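This is the structure I have questions about; it appears just below.
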Amino acid sequence: MSEQLMTAQEIEKPAPGSGFTGSTDGQDVLLEITDLSKNFGGLQAINDVSLNLRAGIITTLVGPNGAGKTTLFNMITGHISPSEGDVSWQGESVIGQAPWRIARAGIARTFQDLRLFTHMTVEENILTMMESGSWLWQSGGKFRKAKRLDKVNQILERTGLTDKRHTRALDLAYAERKFLSLARIMATDSRLWLLDEPASGLDPNSYNLFLRLLREEVKEGITVCIIEHNLDIVVNISDRIAFLDQGKLLADGEPQAILNDPALAAIYFGER
Amino acid sequence: MLFLQLLANGLQVGAIYALTAAGFSLIFGSTKIFHFAHGATFAIAAYLFHFALTGLGFHWTFAVAVAAISAVVFGVVLDRFMYAPIQRHEGSFFTVFVASFGVGIVVQNLLGSVFGRGFMSVPTPLSNSVEVMPGLYLSPLNGLAIGCAVICFVALHYFLTHTFVGKGLRALSENPELVRMFGLSPRRLSTYAFALGSLLVVPGAIFTAAGTGINPAVGHHVMLISLAATIVGGIGSLRGAACAGLLIGVAENLAMWKLGTQWSEAITFAILFFFIIFKPSGFFGRATVS
Amino acid sequence: MTAYILNLLVLISVYAILSTTLNFIIGYAGIFSLAHAVFFGIGGYTAALVAMNVTPEFFVAIPVAMAAAAVTSLLLALPALRVRGEYFVAASLGLQVLAVTLFSEWKSFTGGIGGVIGIPAVEMLGYPIYKPWQFLLMSLICLVIIIGIIRILVHTSFGRSLKAIRDSESAALASGKNVTVIKTLSVVLSSALAAVAGALYAFYMSFINVQSFMLDTSVLVMAMVIIGGTATILGPLLGAALLMLMPSVLTYLSFLPQTEIGSIQQIVYGMAMVLLMIFRPGGIVSSHPGGGK
Amino acid sequence: MLRKTLSSIAFAIGLASAVSVQAEDIEIGAVFPLSGPNATYGDIFMSGADLAAKHINEDGMLSGNLNILYEDSQALPQQGVVAMNKLVNVEGVPFVLSAFTGVSKALSTLAQRSQTVAVNGGGVGPDLAELGEYFWNVIPLANNEVGALARYAVEDLGHKRFTLVYVDDPLGESILNELEKTLPTLGAELVESHSIAASAQQFSGVAARVRSDNPDVVYVASYGSQQLQIVKQLRDNGVKAQIASYSAFSVPELQSQAEAQGALFTTQSIEWGSDDPVTKRFVDDYKAEHNKNPTSYIANYYNAVRVFGLLAQALEAQNKEITGANLLAQRKATETFELVGGEVSFQDNGTLLAPIQVLEVDGSGSGKVVSVKTAE
């Protein structure tokens, strides 16, 4: 019921100035979350959340600390199994599937604490993302290998990490690590990116580079879901906003509508 | 009757394991330091007790004090001068473990060189059993060990729940940031954890020296058992470590009902192995897989 | 003298195989096993059994030994898949203790503490190899091949997957790595290659018993890896050479009391472990000094 | 030449050479546990061997000074083989003293291959008799000891029920087999046998089971520090039966242990008070040097070195080289040897035959002889 309503809203007011996709691709539902709940030993981390991620747009998850945003990511990627409810990806349920299967099906993610492969070089970090085979060698032989290297070069170039190619992830500067985290998922052929606070703590230059990258990728057809705290960033990039608090989805809609809601603002700024 | 006897033996052995395991668990739970040299603390306390009593001819109360002081000093020195520097630069679990293991090897061999590699025990009439009912022999040491373990656990529980430092230690295992906010230094709490944890080996060390006897490798054996008990009981849970220590002591002895003693260690580790595979969080532990 | 040096070199190369294969799982896969001596033992016992009852042919005994170790290693893979860190160390410790008990009790296979005596000299395509220099050559070739295999592996996608899992298992999962298969494969591989060392050892000594496959051996091999340097090719080799030579060198120090040599040796390597962990956690051969894991 | 290379290498790496000896020295080797839990045996064995070397040198029995090179086995087979290798290949000794059943078995192959005589005076596992012609035993093996003790306990003391506590190793098993074989022929029975791991430390459970077996005699087949713990814990846990064991009990720690008093054990029979000059000199000099009575282990290794002295002396008289092969040939050619304890001869399998004595631990340090049984 409400879902239809929102879809209707979006057709009426296409592309608010803040978002940058401006397309109507947003109608295809890529990932569908239905009645999802998660119980951690009596603590209701996620409470009956239903949310759709539409193709080709950026959906932002906002909400105070402990709202369950990262838990939601973890359930989508299979790192945590839900107590109840379903997640379906392109029409098929992914519940109960191993995280690596879900990843290979086209859902990539970053982590708030990055979780880089710290003792590997930048190049290795990127390269290993393209090698999904578990066996001792990759299929495709020399030709594929050359193609992979091409792609690595391209990604390094775009993320500004070319000079750091042979540096260990551990030895990178903060912003470079954030970009490596992004570079890693650029290397996968995923259609959906789940980004956990990708822009926090970036200096203005890096921030602009990040925005440019994100824009380019979305234009290429990548669907993005971001967890973000900085409202400026939220306003800047979101096509849609989903507002979570205490495990519940309080609102899901256009950025302006959500941000202008005084009740939500009160929760967000902790004046409840 | 044999069953009852084995059970009684198991309880005594289990009480000693429980205390040692609780010490290890306290240190590991609050500081996240995998203190494998805990066994070395045990051996040092036992040897110095023996030396003070039979070598220097001290009264037993002084010998106990010597053992307690040496255990605490050893634990705290390790914390300050080995673990602290390692943790300063990215000390992973394994770095700490290897260093700790190294200390265990050094102590075992030093004790062997200084005190001899043979078996030693404190001659005491307390280890002589009397027949309390047909077929059931108990020695005063049996009762003392169990009683002492109970007293230690009650005291420990009181300390952890009623004193400032005790509460701090418990908080440290939950959330080091919180501890800092309350104006406690995690570094200082770590020292307390080592002092207290090391102190907990002393009763076990003394009862072992007086009962079954000691050799330089005794710490190694005790350490393996406390490690098993800590994990079976659930890492960070003192209650769990104590119960598991008791369980292992009893299981080890009851196994002798049907099997030879050569299986007793294997039984302990079979219990451990299956716990790790099927219930890594142990009896009371939080789920902390990977 | 030459024979003595040859003897030491053979033992060094056997232990170098062990440390290299252990380094493969410790350094690259982040699986800190204290049960490596189990697979050393299984390799030794199996090769001995094959040599005494079927044929002492190298190309039969070694593959059978490797297969036996590979199958048993699934027991180690089981906890490796479920838990990490201290839990896994404890689990491998458990496996080691269980194995020692089984090695002592399963007398038809291992001869118990009495061990297996009179293992015949190994034959390579029917040509018996018993002269020390021949044996040294054979074990060096085995060592070189094993180093080659591991060197290649860590530079392929498989090696990268391993390192990725070591550095962050959840991120590796999220990037589509089948962690189960990769970890199992690495444990199986490492154990099977360790069995080669066991088989060589059995043929060389022509006597084996459980005392060679106890926790002490696992710790010694671990010390070789740690002291030499994890996640390097050279480190474990250096570690093996140092720790195997140390007792021999110590016996030439006439001012040391003979009866204390064993203790001094252990104290030296215990101290080395402590000091290295404080000042150079990467080991002697460390690709990145100062940076541990 | 070898030695030169060796020294230069040792010096080259800045170390003092341990083997700075004159060219005319005659050297034999010894592979003993000098460190580790069984080091106490190494010390005992050394004192016997050193005394024999001293006597041989004082008498000028050989053309050069006899020197014993000690290597540490830690009582472990692998260390034993490494040590044996060094003695055989670096030092080139023709004759090596060995100890401990496991170590002896491990190095016997090397002895056979390199034609080096290895002589055991400490291990008593019966299979030591079958390790090839280069492996000799100057100690009667456990089967003889068990028989003697069983006969004494049953025939002289009237005991009927035996329980065995044994280490689960070849020695322990052979004692089990021997008891199972011997006791029924004497009209006694082995009620129960309890095997224990070599590393076990706690025996209260075993003690409980032994008690419930209700035996007349508990036979303990262990060694080193473990047997002390077994004895203590048996007594602590209310086992009052007669404790019995074999020659492993002849170590000072056990002899002085309070709980062990009254226990029976067996050794090769040596009449310490004998007027025979070899025995008298050995006993007098040992007492003078160590201020206590010698034990059979000490005599055994004294004898082992003395056997070498006698054989080498004979070879030198014939202008033959002192090699392992020649020593073996000379031993076969020699009918009897004058050793501590009297004139003895080797069996064809290289094992010494000697009467066994049963002793009681009495705190004197060497035990009180209660019976002597001839070898069977």
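Letters are used for the chains, namely A, B, C and D, taken in the order the chains are written, and counting of residues starts over at 1 for each.
Going forward, a contact is a pair of C-beta atoms (placed from the backbone, for glycine too) under 8 Å apart; a residue touches a chain by one contact, two chains touch by 3 or more.
Since we're looking at a predicted model, the values are computed, not measured.
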Longest centre-to-centre distance from subunit D, chain (CA-based): A
Comparison of B-D and B-C by number of C-beta pairs in contact, larger one: B-C
Rounded Å distance between subunit A and subunit B, as computed from the means of their C-alpha atoms: 48
Interchain centroid distance [CA atoms averaged], subunit A/subunit D, Å: 76
Averaged-CA centre spacing for the pair subunit D and subunit B, given as whole angstrom: 39
Distance from the mean Cα position of subunit C to that of subunit B, given in whole angstrom: 31
Overlap residues in subunit B, where contacts from two or more other chains coincide: 262, 265
Where subunit A touches two or more other chains, by residue: none
Per-residue multi-chain contacts in subunit D, two or more chains: 35-36, 39, 168, 197
Category of the chain touch graph - line, ring, star, complete, other: other
Listing of all chain pairs that touch each other, if any do: A-C, B-C, B-D, C-D
Subunit B-touching residues of subunit D, taken from the complex the two chains share: 35-37, 39-40, 168, 194-197, 199-206, 208-209, 211-212, 224-226, 228-229, 232-233, 235-238, 253, 258
Touching residues (chain side subunit C, partner subunit D) in the complex: 1-4, 7, 11, 101, 104-105, 112-115, 117-118, 205-209, 211-212, 247-249, 251-255, 258-263
Subunit C residues touching subunit A - in the complex, by the definition given at the top: 153, 156-158, 160-161, 163-164, 166-168, 170-182, 185, 231, 288, 291, 293
Subunit D - residues contacting subunit C, complex: 2, 5-6, 10, 13, 15-18, 34-36, 39, 42-43, 70-72, 74, 76-78, 81-82, 85-86, 88-90, 101-102, 105-106, 108-109, 125, 127, 167-170, 173, 197-198
Residues on subunit C engaged by subunit B in the complex (per definition of touch): 32, 78-79, 82-91, 93-95, 97-98, 101-102, 104-105, 169-170, 219, 222, 226, 260, 263-264, 266-267, 269-274, 277-278, 281, 290-293
